[in-house]
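Note that the chains are named A, B, C, D, E and F in the order they appear, and that numbering of residues resets to 1 at the start of each chain.
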Amino acid sequence: MFMHNKRLMYTVRVSEPDPKLASLMLEQFGGPQGELAAAMRYFVQGLAEEDPGRKDLLIDIATEELSHLEVIGSIVAMLTKGVKGKLAEGAEETADMLANITAGGDSHTLSLLYGGGPALTNSAGVPWTAAYVDSIGDPTCDLRSNIAAESRAKILYERLMNVTPDPGVKEALGFLMTREVAHQKSFEKALYSIENNFPPGKLPGIPEYANKYYNMSQGPGDARGPWNQGEQWEYVDLRQDQSAVDGGDGNATVRLAAAEIAAVEKVAERTKSDLSRDPTTGADLGAGPGAGKTKQVSG
Amino acid sequence: MFMHNKRLMYTVRVSEPDPKLASLMLEQFGGPQGELAAAMRYFVQGLAEEDPGRKDLLIDIATEELSHLEVIGSIVAMLTKGVKGKLAEGAEETADMLANITAGGDSHTLSLLYGGGPALTNSAGVPWTAAYVDSIGDPTCDLRSNIAAESRAKILYERLMNVTPDPGVKEALGFLMTREVAHQKSFEKALYSIENNFPPGKLPGIPEYANKYYNMSQGPGDARGPWNQGEQWEYVDLRQDQSAVDGGDGNATVRLAAAEIAAVEKVAERTKSDLSRDPTTGADLGAGPGAGKTKQVSG
Amino acid sequence: MFMHNKRLMYTVRVSEPDPKLASLMLEQFGGPQGELAAAMRYFVQGLAEEDPGRKDLLIDIATEELSHLEVIGSIVAMLTKGVKGKLAEGAEETADMLANITAGGDSHTLSLLYGGGPALTNSAGVPWTAAYVDSIGDPTCDLRSNIAAESRAKILYERLMNVTPDPGVKEALGFLMTREVAHQKSFEKALYSIENNFPPGKLPGIPEYANKYYNMSQGPGDARGPWNQGEQWEYVDLRQDQSAVDGGDGNATVRLAAAEIAAVEKVAERTKSDLSRDPTTGADLGAGPGAGKTKQVSG
Amino acid sequence: MFMHNKRLMYTVRVSEPDPKLASLMLEQFGGPQGELAAAMRYFVQGLAEEDPGRKDLLIDIATEELSHLEVIGSIVAMLTKGVKGKLAEGAEETADMLANITAGGDSHTLSLLYGGGPALTNSAGVPWTAAYVDSIGDPTCDLRSNIAAESRAKILYERLMNVTPDPGVKEALGFLMTREVAHQKSFEKALYSIENNFPPGKLPGIPEYANKYYNMSQGPGDARGPWNQGEQWEYVDLRQDQSAVDGGDGNATVRLAAAEIAAVEKVAERTKSDLSRDPTTGADLGAGPGAGKTKQVSG
Amino acid sequence: MFMHNKRLMYTVRVSEPDPKLASLMLEQFGGPQGELAAAMRYFVQGLAEEDPGRKDLLIDIATEELSHLEVIGSIVAMLTKGVKGKLAEGAEETADMLANITAGGDSHTLSLLYGGGPALTNSAGVPWTAAYVDSIGDPTCDLRSNIAAESRAKILYERLMNVTPDPGVKEALGFLMTREVAHQKSFEKALYSIENNFPPGKLPGIPEYANKYYNMSQGPGDARGPWNQGEQWEYVDLRQDQSAVDGGDGNATVRLAAAEIAAVEKVAERTKSDLSRDPTTGADLGAGPGAGKTKQVSG
Amino acid sequence: MFMHNKRLMYTVRVSEPDPKLASLMLEQFGGPQGELAAAMRYFVQGLAEEDPGRKDLLIDIATEELSHLEVIGSIVAMLTKGVKGKLAEGAEETADMLANITAGGDSHTLSLLYGGGPALTNSAGVPWTAAYVDSIGDPTCDLRSNIAAESRAKILYERLMNVTPDPGVKEALGFLMTREVAHQKSFEKALYSIENNFPPGKLPGIPEYANKYYNMSQGPGDARGPWNQGEQWEYVDLRQDQSAVDGGDGNATVRLAAAEIAAVEKVAERTKSDLSRDPTTGADLGAGPGAGKTKQVSG
């Protein structure tokens, strides 16, 4: 069960309204690396987790992220408080109001559609989607996803700090950024508390393909590094060794029943491409009588 | 520049058509953990990468994932070849066709909308979205995201193998699964080739908040583990120490200009809540004359 | 700040695993009428709310909805616990596993992609989107939206109860359903505590158009009721009185600058439609030499 | 059957092109509170409605909203007519054109992607989605949704009027705004013409939970109002009375078959968290040899 | 202005309810090739069209498509009428109801979420999105898009007819299918009434690249046809002639200011990849003490 | 199998960084008419194609489009290289950085969320979705879709060229634009190499409805052209001839079983609309005691 205490986890002191800055902050409210994504990622994992220690950890941090969501949302609410009041009251000339709500970023949508209230969108106005939540119900994968997510969230806060002149906002962002680092450390500990966490899952890989590195991109700039050299790697450079690596013919086949074959052949016949002639096309018709335009294109 | 060789990276041998199985395979074609997501994740990172070694690595693996996309897509195409032909030709009684295209999973949409061609959706028919691509342009984060993504893809292939009776399909899935493990290893090597990759970014955390663990979820089941105990952690258990951790009042504030204050007050006045009376509501009106129904609810 | 207590708000007692039923329950976990949508609707409103009473109400109920989200998510986790374990362990023959994960509904995606963990999708596997959150930052509107949302959620729970044979699940659904009724009542009280809550906003309507009812759909079945008859309504039946109701010519016009006019005219000239001839088209080309097929269509 | 008359429902007189203003107007064309959402909301309800009076009402208003969609779309078309022509003809220097199509708002996308034609997006360029349509096929719910939707649309028009200097556009917006008020009144009449419309549906609530108000958010600012005080409410303040309200243990349980238990235990064993040691983690590896950076973070 | 006549464009006679079939029909109601997509495609084009003939054509057909939307929606409403009533009334045992609403396809979501009312989703339950509308405001492109869209809609109806045993439904589908053919013919006529409609737009292509065909996919199966052979084509087969076709070095470059160079170099230095050593990675840590598992994978 | 060569297909020479221009270029990277959409459209068609010639063509062009994706992505990467470095390093005052990342367009999201790396979004920041891919698995339709798509992509490049002052960028855009024209020609050839490609599919239309043109939009501006006049068309102008064209009553009907009828009637009774009285509504309650506000609206 969730409970709520009216004190924010971190006090929010905003110097003055700034709808443009507010619209940027939305990135960590309703964006892919934002606090709702974090909270939901850990919450859904926690619900299905069997291990008591990890379950506790996941719900602890999910709950903290909800508290962060409240902090960043409160920052947005403060930054838009001025334009929100004026827009609701029609308190200015329309030209001034127009300038106010189009201050930059996506402040126009934040003001018009959401009335200045924090909206679950990213900084481009794109609504939050659960497609951002990459949990799949395997702890060795989900912890890795969490580690990666915390690192991304850290950087997003760092970027916001680098563009925020308001000292009170910057201070709160610093707190939120720091907590992402702490969370990453916790998730790292949880991952490495699982013995044999690599490779994930149960099925072993096929030895023949497990240590190959296929050099698929070639040309000037081709590079070697610990990810493709050393005794654990077999470097496959020849194009012919990169296709049909199973030794087959590299084709896709299926065995069809007679009725299926008949139907497939009928379709093929009905839609077969006649290679024997050069048909007049719609483009030919459309190129005009003198076809001058086509000539220009065709040189 | 990309080039293409007509031989698949792995030969696809499907025993017989099975539209239900085909619709499940879509998970790794157009699903969040699928091959397009993988290819695009590395490709966009590669385009912006400055480090020559990592750039090469990213494009190598992006290209291989595109080749995997072709393999899994070819599996789908073989599994649907029968129903595709029959549906195009109207080759069966409608009742039989209806049964054929609703064999299970989301085979109905795969058949009807996409005509049996592999579609960039997941197994529920949800179109692929770039919201699945979590690249943010910082290598220490992006490599962690790649490590996590490869681990997830590995498990998805493992699950598919666990439900696939067709030996040829299972064999190809085994190849694809193994390659995800190899890719994870490469990305791990690349991450740890960056010295001081943790914490990500440049700004240091705020020492005061960096080592705290807030025990936000309490009650039976509360647990301790390396993620919240040991000398590196300060465990914060008291609710009062979890809010307004900066020592402030835990409120959100902003300084407004006079005109802004005036507008805010006007809105507040116009929409203020009258606490002094118990108003009749629409629900009261709707509960009906005898209000019997409300009584039933209200007990 | 949010806190968490490990006891659920309502005890969940599931009789036996049932992945099909689980996939239906997702409707109230990650669907448009589900608990996340409810929690987020009230939470974002609460963050921006100025009125202290309403702010408290909104956060109270937002928090309760998060607790409901946990209850419904726990139901899903219990219903999938069996298939989840088996799929992870590969504990059955592939044909049996295939049957297990395609039990009906969208259980295939729940099992494959989410590993049986509760996922923030609706019952069709569509990821939750903040497009479901219709808050706009005006209390008289938002409260009406909340009233409507609670009524919808009530019905969704009622439908789930009507298809749930499991008594423990049904009992928990009954609790959740009842709470939606209570919440609707609270929001009704809050709406009607605002004096003059209709029409919403500040700008008055234009008297000329405020009481008209345009009978746009005509024919057998045309009906009158309190929504279009009585002294407060002016019923507009004649088609000519329904268009250009301002008395103008019903056209759209704009004054362009000379350079703009020149450009518009150039485009118009370049793409003008030649009405004087019946051109041969791509379809004509494609209808084939004998055009037999076209004839068949054209009769 | 729908028919069309070439005269707009309201004459559109735009003073001069303004792509920025155009991009804001899209909010009511393809945004969540816009006219397509309104038309589709009522249209899908009307198709399934059994009550002849409501069916007529729903189609009447759906049809009018389509006519409004045409009006607001025509406003957009007029506001973009200048930039559209110039962009198609390349009629200006590129630097001037660049300035023209990035005038503010999301005019850049409106110009580039849609060529200045009205697009079914909101003012942030987000494509319209049927996720905005909240109809669920129960009249007492759907009418409440319609009432709420009309109130929101009214406010959106009011906001647009507050930022629109162009008198012709403002006049047309005034008409559209007024009609939303009239529609809300009609839907209110329809709702209250259903006797016993509250609570919605058929199943009664559970008396024990129907009148409780759970005070989930506590601390300074806790408030009472008609929504949680008075004889109809039982105010539940103690945290212990808010969890496991059914009197159970607040846990989630399910009865598993032996094979299911075995599989679950196997997974748990394979992924169990070892609490006895403090593992070295990837973050430890990544913190660098001197770990100076980590120290900086850790204080 | 739109108007409505209560008679459907085509009489709908459904033999008996069938929620599975209903969920398939949604493909043409709210799917990408469905009637809403068609209506909106032509409607938005019509609003911005300058040519009076095409404008009339576009609105004529948009209006007819809305009438088709009503026909297909009415088919859905009839097919779900049985389950809708029973679900609303709880008129059956829960086990029977469960079977009823999970009859196949995505009937579960159609019943649960939409109460059996026609919903603006495709047959997989994916909400309609304006991303399906590909209009860009250039008539020679938009007409081609319309031609293509009509051909796709024709095939979708054909597929539905091939799986529909109900004669009344099939008959109505036949009407709708036929109309798509007629619309395609009209749009073809409109396209070819524009002289010089190819290439679209105003800017000529660059002669050097206009007639080349790059043979990017090579190997067994390489084919020639009128699309890449004949005197109008220059067939480019050599890989070296396919890259850097401008004769440059095939690199991407930009001139940076000194401060920009400094920043780029700092990032590069901070995140450079150390190629000189083979770092221990998280995967190494996770492979376990005996690394037995890794061995298994590595062979 | 795909392979990669490190040389771009076209050399990218950017004069200087420009994040605003970069955000516009995204339209052809991750927008609906962009290169990923093109590549995926042809790739999925190619996988399912039976005809060897067309299969080769589709994969050839899919591969070239991937190479174009790399070119346009490289342009974006060069245009953002300056802001990317500065933002990562915090190399400027926050106010300057804020100005830098909000230069116009959606450069704020490109910088903040994606760190300046090319992102798979359109110019409004909307993530790419497979909903843009309209392939349905019928060659006569898919080729028409491809023709239309190439024409749209050509125009998008033309628009970008018209707003791009940077000569190196413009030159690369010219190459990409030209190739779309060449691709359209190839697809045209492929379509017309299928004999009898119109109408698409196998089922003939119903002669009675195949040649009718329904004049659905009437009034001043009604026009005739080759799309609705001439001997092949029957022009239907009378409204009565446009509805129930099958000669039926224009109603939708279904035969229900007795239990179904009973349930439907119960719902109807429970929710029937009482036409006999004018109910007091929530709006009446909300209009306030003096109802002054309502009066203002009602006139």
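Assume contacts are C-beta pairs under 8 Å (C-beta built on N, C-alpha and C of every residue); 3 or more make two chains touch, one makes a residue touch a chain.
Quick caveat: nothing in here was measured; it's all calculated off a predicted structure.
Asker: Would you kindly count the fewest steps from chain A to chain F, each step being a jump to a chain that touches the current one?
Answerer: 1
Asker: Taking each chain's centre as the mean of its CA atoms, how far is chain A from chain B in angstrom?
Answerer: Their C-alpha centroids are separated by 8 Å.
Asker: Roughly how many whole angstrom separate the Cα centroids of chain B and chain D?
Answerer: Inter-chain centre distance comes to 22 Å.
Asker: Note the residues in chain C that touch 2 or more other chains, in rising order.
Answerer: If we look for residues of chain C contacting two or more partner chains, we find 1-9, 32-33, 53, 56, 59-60, 62-63, 67, 74, 77, 84, 88-90, 106, 113, 115, 121, 124-127, 129, 131, 136, 138, 140, 147, 155-156, 158, 161, 178, 181, 184-185, 189-195, 198-199, 201-203, 205, 210-211, 216-217, 221-226, 232, 239, 242-243, 250, 264, 267, 273, 275, 277-283, 285, 297.
Asker: Graph shape for the chains shown, where an edge means the two chains touch. Line, ring, star, complete, or other?
Answerer: Graph shape, chains as nodes and touching pairs as edges: complete.
Asker: Taking the complex as given, what residues does chain A use to touch chain B?
Answerer: Going through chain A, the ones touching chain B are 5-17, 32-33, 52-53, 55-57, 59-64, 67, 74-75, 77-79, 81-82, 84-86, 88-89, 91-92, 129, 131-132, 134, 136, 138, 140-141, 144-145, 147-149, 151-152, 154-156, 158, 161, 171, 174-175, 177-179, 181-182, 184-187, 189-190, 193, 198-203, 205-206, 209-217, 221-228, 232, 239, 242-257, 259-260, 262-267.
Asker: Of all residues in chain A, which touch chain D in the complex?
Answerer: Residues in contact with chain D: 1-7, 50-51, 53-54, 87, 90, 94-95, 97-98, 101-102, 106, 108-109, 111-113, 115, 121, 124-127, 138-140, 147, 178, 181, 184-185, 188-195, 197, 202.
Asker: So in the complex, the part of chain E that touches chain A is made up of which residues?
Answerer: 140, 191-192, 194-199, 204-205, 207-208, 210-211, 223-226, 230, 232, 273, 275, 277-279, 282-283, 285-289, 292-294, 296-299
Asker: Going by the contact rule at the top, pick out the chain C residues touching chain A in the complex.
Answerer: Answer in residue numbers: 1-9, 30, 36, 40, 43-45, 47-48, 56, 59-60, 62-63, 66-67, 69-70, 73-74, 76-77, 80, 84, 88-90, 113-121, 127-131, 133, 135-138, 201-203, 279-282, 285.
Asker: Which bits of chain A are touching chain F when the two form their complex?
Answerer: 20-21, 23-24, 27, 31-33, 104-106, 122-126, 155-156, 158-165, 170, 216-222, 239, 242-243, 250, 264, 267-268, 270-275, 277-284, 297
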